[in-house]
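Should a chain be cited, it is by its letter among A, B, C, D, E and F, assigned in written order, with residues numbered from 1 in that chain.
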Amino acid sequence: MKATFPGQVSSTKSIRLDLRSWTEVENYLQHCKCIILPIGSTEQHGPTGAIGTDALTAQAIALEVGRRTCVLVTPTQSFGMAEHHLGFPGTMSLQPSTLSAVLHDLLLSLARHGFERIFLINGHGGNIATAKAAFAQAYGTALSRQLPVASKIRFKLANWFMSESVFREAKALYGDSEGQHATPSEIALTLHLEPSLLSKQRPLPNPAPSGPIYGPEDFRKRYPDGRMGSDPYLALPKHGENLLDKAASALSKDLSNFIEAL
Amino acid sequence: MKATFPGQVSSTKSIRLDLRSWTEVENYLQHCKCIILPIGSTEQHGPTGAIGTDALTAQAIALEVGRRTCVLVTPTQSFGMAEHHLGFPGTMSLQPSTLSAVLHDLLLSLARHGFERIFLINGHGGNIATAKAAFAQAYGTALSRQLPVASKIRFKLANWFMSESVFREAKALYGDSEGQHATPSEIALTLHLEPSLLSKQRPLPNPAPSGPIYGPEDFRKRYPDGRMGSDPYLALPKHGENLLDKAASALSKDLSNFIEAL
Amino acid sequence: MKATFPGQVSSTKSIRLDLRSWTEVENYLQHCKCIILPIGSTEQHGPTGAIGTDALTAQAIALEVGRRTCVLVTPTQSFGMAEHHLGFPGTMSLQPSTLSAVLHDLLLSLARHGFERIFLINGHGGNIATAKAAFAQAYGTALSRQLPVASKIRFKLANWFMSESVFREAKALYGDSEGQHATPSEIALTLHLEPSLLSKQRPLPNPAPSGPIYGPEDFRKRYPDGRMGSDPYLALPKHGENLLDKAASALSKDLSNFIEAL
Amino acid sequence: MKATFPGQVSSTKSIRLDLRSWTEVENYLQHCKCIILPIGSTEQHGPTGAIGTDALTAQAIALEVGRRTCVLVTPTQSFGMAEHHLGFPGTMSLQPSTLSAVLHDLLLSLARHGFERIFLINGHGGNIATAKAAFAQAYGTALSRQLPVASKIRFKLANWFMSESVFREAKALYGDSEGQHATPSEIALTLHLEPSLLSKQRPLPNPAPSGPIYGPEDFRKRYPDGRMGSDPYLALPKHGENLLDKAASALSKDLSNFIEAL
Amino acid sequence: MKATFPGQVSSTKSIRLDLRSWTEVENYLQHCKCIILPIGSTEQHGPTGAIGTDALTAQAIALEVGRRTCVLVTPTQSFGMAEHHLGFPGTMSLQPSTLSAVLHDLLLSLARHGFERIFLINGHGGNIATAKAAFAQAYGTALSRQLPVASKIRFKLANWFMSESVFREAKALYGDSEGQHATPSEIALTLHLEPSLLSKQRPLPNPAPSGPIYGPEDFRKRYPDGRMGSDPYLALPKHGENLLDKAASALSKDLSNFIEAL
Amino acid sequence: MKATFPGQVSSTKSIRLDLRSWTEVENYLQHCKCIILPIGSTEQHGPTGAIGTDALTAQAIALEVGRRTCVLVTPTQSFGMAEHHLGFPGTMSLQPSTLSAVLHDLLLSLARHGFERIFLINGHGGNIATAKAAFAQAYGTALSRQLPVASKIRFKLANWFMSESVFREAKALYGDSEGQHATPSEIALTLHLEPSLLSKQRPLPNPAPSGPIYGPEDFRKRYPDGRMGSDPYLALPKHGENLLDKAASALSKDLSNFIEAL
């Protein structure tokens, strides 16, 4: 893929697919075959965290990566695989088979237009397995349908919270209180993005320790307030700003490598 | 359902599910069993319209309805059934079977938490059939799973662009140039919401006349620039502001009736 | 499509696909690429109406339209989407996903043989959403399978009870007692087709008023004898004869337009 | 199951489910929990046989069995699994997965109403495998949904053309010319039911010999005119009348055993 | 298909696909386009029979057939459709829809590599219907995907226990005590293959008589210890050795015919 | 779960589910609610590796873990998700949706019998995502079906090749030549299990370096002989013996923790 990798733009607006017209996308495809697809989840994030945390963070990071790299960003798939959180009111979950079908259809839509590299920025650990399964399914369909791009299309999953620099920063800031769910790092990011969330912050009792994830009833019993070993009260908006920058840097680099790779 | 129907709040933030915590939702369910779910689409809207038109409008109207009625609004399902638009770059479509599974899972998630009235605010005609099919499927599953709310849950689809007052206003403003797709009324709403879109507005040649919708290749041949009989150049931001208000009024009333009905 | 649109034949037998051989169909395809597919439902129609009403009427009208236009008529898909009637004994329903698969497979079978225009004559409101969703799915498959007719095939749904002339006649005959389900107009049609049904006719108490449709348990509670605002006792066989003629006229014209359209 | 096994009625009309009202079905269930479901196929039957042969025969036999036993007969599922006949124009086939879903949904609809014994009268060999698979699926669902009849419901498949007396009669009448598809015995039955089909009868060249069935393209190559070793020109209407009687006798006995079995 | 039908090899190892490398398979396909796929089941076989009986026997016979004919044998699909045995601990069943998908995917994998004749050796009656349904589905997909072998690929199901010589031998050895499930013939085969199973053999009370199969709860009530009319205590290892030979002879001949047929 | 965790048995035979009768499983469930399910794959492993590598290794390790812990081991699901290897002859792959359905059905079968802890021993990286997705699906179904164990059942995936001691040993033995696919460590294990495979071992040219995995055509182009950075010629049977012991030790400990955890 010959990719004229561009510099960066001043605003996220210019790289939002939902603000483009189809003729602009047609032009875009003349010089770039890559696109970013953010996926999140709508699920409980502890007694003080926002239910939309995983979608808000994935979207913000995707837009910042898009801004820095001039790569288009699609709308966010805000609902993900959150079956294990269904014991908590407000959680909205797609079954794995449903999320897989969603990603399959979105990837195939883009493949049909000639996109060759699709970069998913993911905000939720529970999406990872299903997304990878969906990739295998989508490669197969692209071949079955004999799409022109079938033999060269590539999908890549980028989980912002697993970037090394983000991981290290979270460790440095919060130590073991980072935990595994409703972590201060993701909460910090939402506080930066949405200051109104600050009003929810309050000291919390010690969380249930991190552990395994089984079914939704087990989850609620094991992690009664939804947190897994985390202390989100440690989160500050400025941490979030910093983490957003670190995540965007790391993923921009990953994306750049993804585009330039032969 | 005993519903303490509230007044209105000053900001859409307080009724966004994604900005709530699960404990706040638990409290909410004590006095209100209703929730709003916006669904849109990500598809071509003519050479000058935004690809995200249907999601942007559904979301804005849903939030305004939520604000006026104090009813929670979930995140927007931004991808809908847009198979017939797949001939135009940038369109991202879920197959009907996929969208049906998405809505099914989201409705069942909410039913599980005890929501009894779910009000979908829809921005895209192509979603209507699938949404109705999904409702029938979801009622059946609620019974099969023997959910406590199974015998009383109700789903309602509200298509903002089909509200009588909106329809009449669009006719008054644009006459026959309203057309059927990429209409000036929906474009106007996006111009109001997102002023940067104004830069795309320009006079367009006469559109292909409105007509039937078959498969994606036929659609592109029949409506070469994506418009169906519409002149989106007529759209002005202030029209959009007005239409948003009219749609929100009409749907708030529908929602109120939906909640209060025995 | 060059269509030699024929006149009419004296008997419905000559246009019934089930009475043709495959070689006759092969010949037929030389001069006409259109076919009619009737779909009905098998569901309660009030305490005095026949469970097969929607299939009997769709089939009779389809055959009459076929006779007048010389267009082949396939057998009737007698089972439709009637989930909301499952609270009444005798109702046999396909889930939306199942009916969608049925229509998908039937449309694709016909497309494979070279039929280019498939005209569904439908006798049941509950089938409409699913049929439309199935169309979108089938267009996609036709393209995925690279069928020769993929880019030109067209599906059209014709609901006989929504034809303007039928609607007006029903209003004139029955006024508000037409109601929404187990209507005197459809019952009249069955009395004309099947005189033995007359023995069931008897005065009924006032029906539950027309209203919304949610799940099957809600439906039974809301409409205890299955009727929605209708008084089927008003139905007379001669009304049915007249309605059949009106419906056949209207749909024959629709079909003719469908065939001749570019 | 205590079954008051009735005598017989004078007309098939009284046992047609589609001519009953739901209240009549409710009464019927007081004394009989059994129902007959005819399934056929819409597929090529050689150059002179009717495409609807398998549905016409299954329906006629089902109605006659119903008449003799006073057991209700549902409408006919006219479309079956005929994938291997898709190389011949006019064939309309449901994929096995689709037919399985259809039967599953119909069986579950009946189970929900309290039917405990469902007797499928089948006119097409190609449906057998799928019907049996659907039974296993439906038993599972009945248990999953915890239907009251789940532990006692029974499904039985009766293939009229495999009844011993029918088989012997066909052998006696046609010897090896009975063949395997488009057989004179089934054609004879259609000639009896629908005299207009007689006009298609004509001497045919020797058929391709009976053999295996693989995919649709192989089938057409192997059996160029659709017949498998059969000479349908031998069929006479009076044979059909006789075969109908023999089939109805055999299946009435099977049905009676099915009902009376503990 | 030009098939150089080979003689036999001294060990089953040389024809086990799982012990071959892909380059060896590539070579094999130069001279033989046929492959054997064994399918079994993991289900109760009475109080003394091994749960793996159907997979152990299918695998052993498949390997012996492969050894004698030099045709490759794939690994065994050990889990089959055993829904009706789910009332007995240890049974592991795939729903018909799942087993159908498994066979579909395996057949398509092999078709993609150029295999043209796939011979399933089956050890379980409950798999038959689903396997046949899967064949029809797979032929369709091969055509939809336009695989090079689509028009010539052939699938064949061989049920070893239904071979005439096996059937006659079982009758001669055990008479009516062969029964229908947990039969002495299949148990004998497992005793030959796995002598440790002898320790389970013990006299058993008279079995429930053979009869119909409905749902899992009915099955357990009807056949309380899992046997259907069989006396597996009659089984001896030497019977098994003999039956294995008879089955392998019969199926080798079937396979040879399958390969050589035009 | 009260688990009487046993010592070890002398032979793998006594813990093979397929060699047990249902009554023995019933007894087993009195004192242990845990079971091991091995899953593998049937796919190319380079020009000299066995196609069955992933199933052979998973099965051997599962049996050894079962032997040491006295926990039952089910038959192996030999076919896994290997879509990306489909470019190489001999690979047999289940689509992710199919493998997910298989695991779902197997887990639910076991759950129905009262198993509460199911430990999957996996031999193939490509199965991981799908297995995890299947777990979420299965927890949901267990609840939907209201199985008695629904709220306490636990599934765990153990990938033997990712055990720390195995990983370290492989690194020590092979350094960078361990690679990512067709690794000397897994090949060594097969050489130990199946000495006949030694005859395939030969020096190979430098492999393509390890890298990403996209679709099957890309995979074949990127890794022309199927290896990803590995030198399987380094593998010796004694390494395999050692690795088997290390894997069995590690997983026995994991299993023991899994059983004993509250």
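Convention: a residue touches a chain if its C-beta (ideal position, glycine included) is under 8 Å from a C-beta of that chain, and two chains touch if they have at least 3 such contacts.
It should be emphasised that the depicted structure is a prediction, and the values quoted were computed from it without experimental measurement.
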- Which other chains touch subunit C while also touching subunit D? B, E
- Query: What are the chains that subunit B and subunit C both touch?
  - Reply: A, D
- Relative to subunit C, the most remote chain by C-alpha centroid is chain F
- Item | Mean-CA-position distance for subunit F and subunit E (Å) | 24
- Query: Can you give the whole-Å distance between the Cα centres of subunit A and subunit D?
  - Reply: 53
- Note on the structure: In whole angstrom, the CA-centroid distance of subunit A from subunit F equals 30
- Note on the structure: Residues of subunit E that touch two or more other chains sit at 95, 97, 144, 146
- Think of each chain as a node with edges to the chains it touches; is that a line, ring, star, complete or other? other
- Task: Sort out which chains touch which and give me every pair.
- Result: A-B, A-C, A-E, A-F, B-C, B-D, B-F, C-D, C-E, D-E, D-F, E-F
- Can you name the residues of subunit B that touch subunit C in the complex? 81, 83-84, 95-97, 100, 126, 128-134, 136-137, 139-140, 142-143, 150-156, 212, 214-218, 221, 261
- Message: Could you list, by residue number, the parts of subunit C that touch subunit E in their complex?
- Response: 144-146
- Task: Would you tell me which residues of subunit F are touching subunit E in their complex?
- Result: 13, 16-26, 29, 42, 44-52, 55-56, 74-79, 86, 88-95, 97-98, 101-102, 104-106, 109-110, 112-114, 194, 196-197, 200, 226
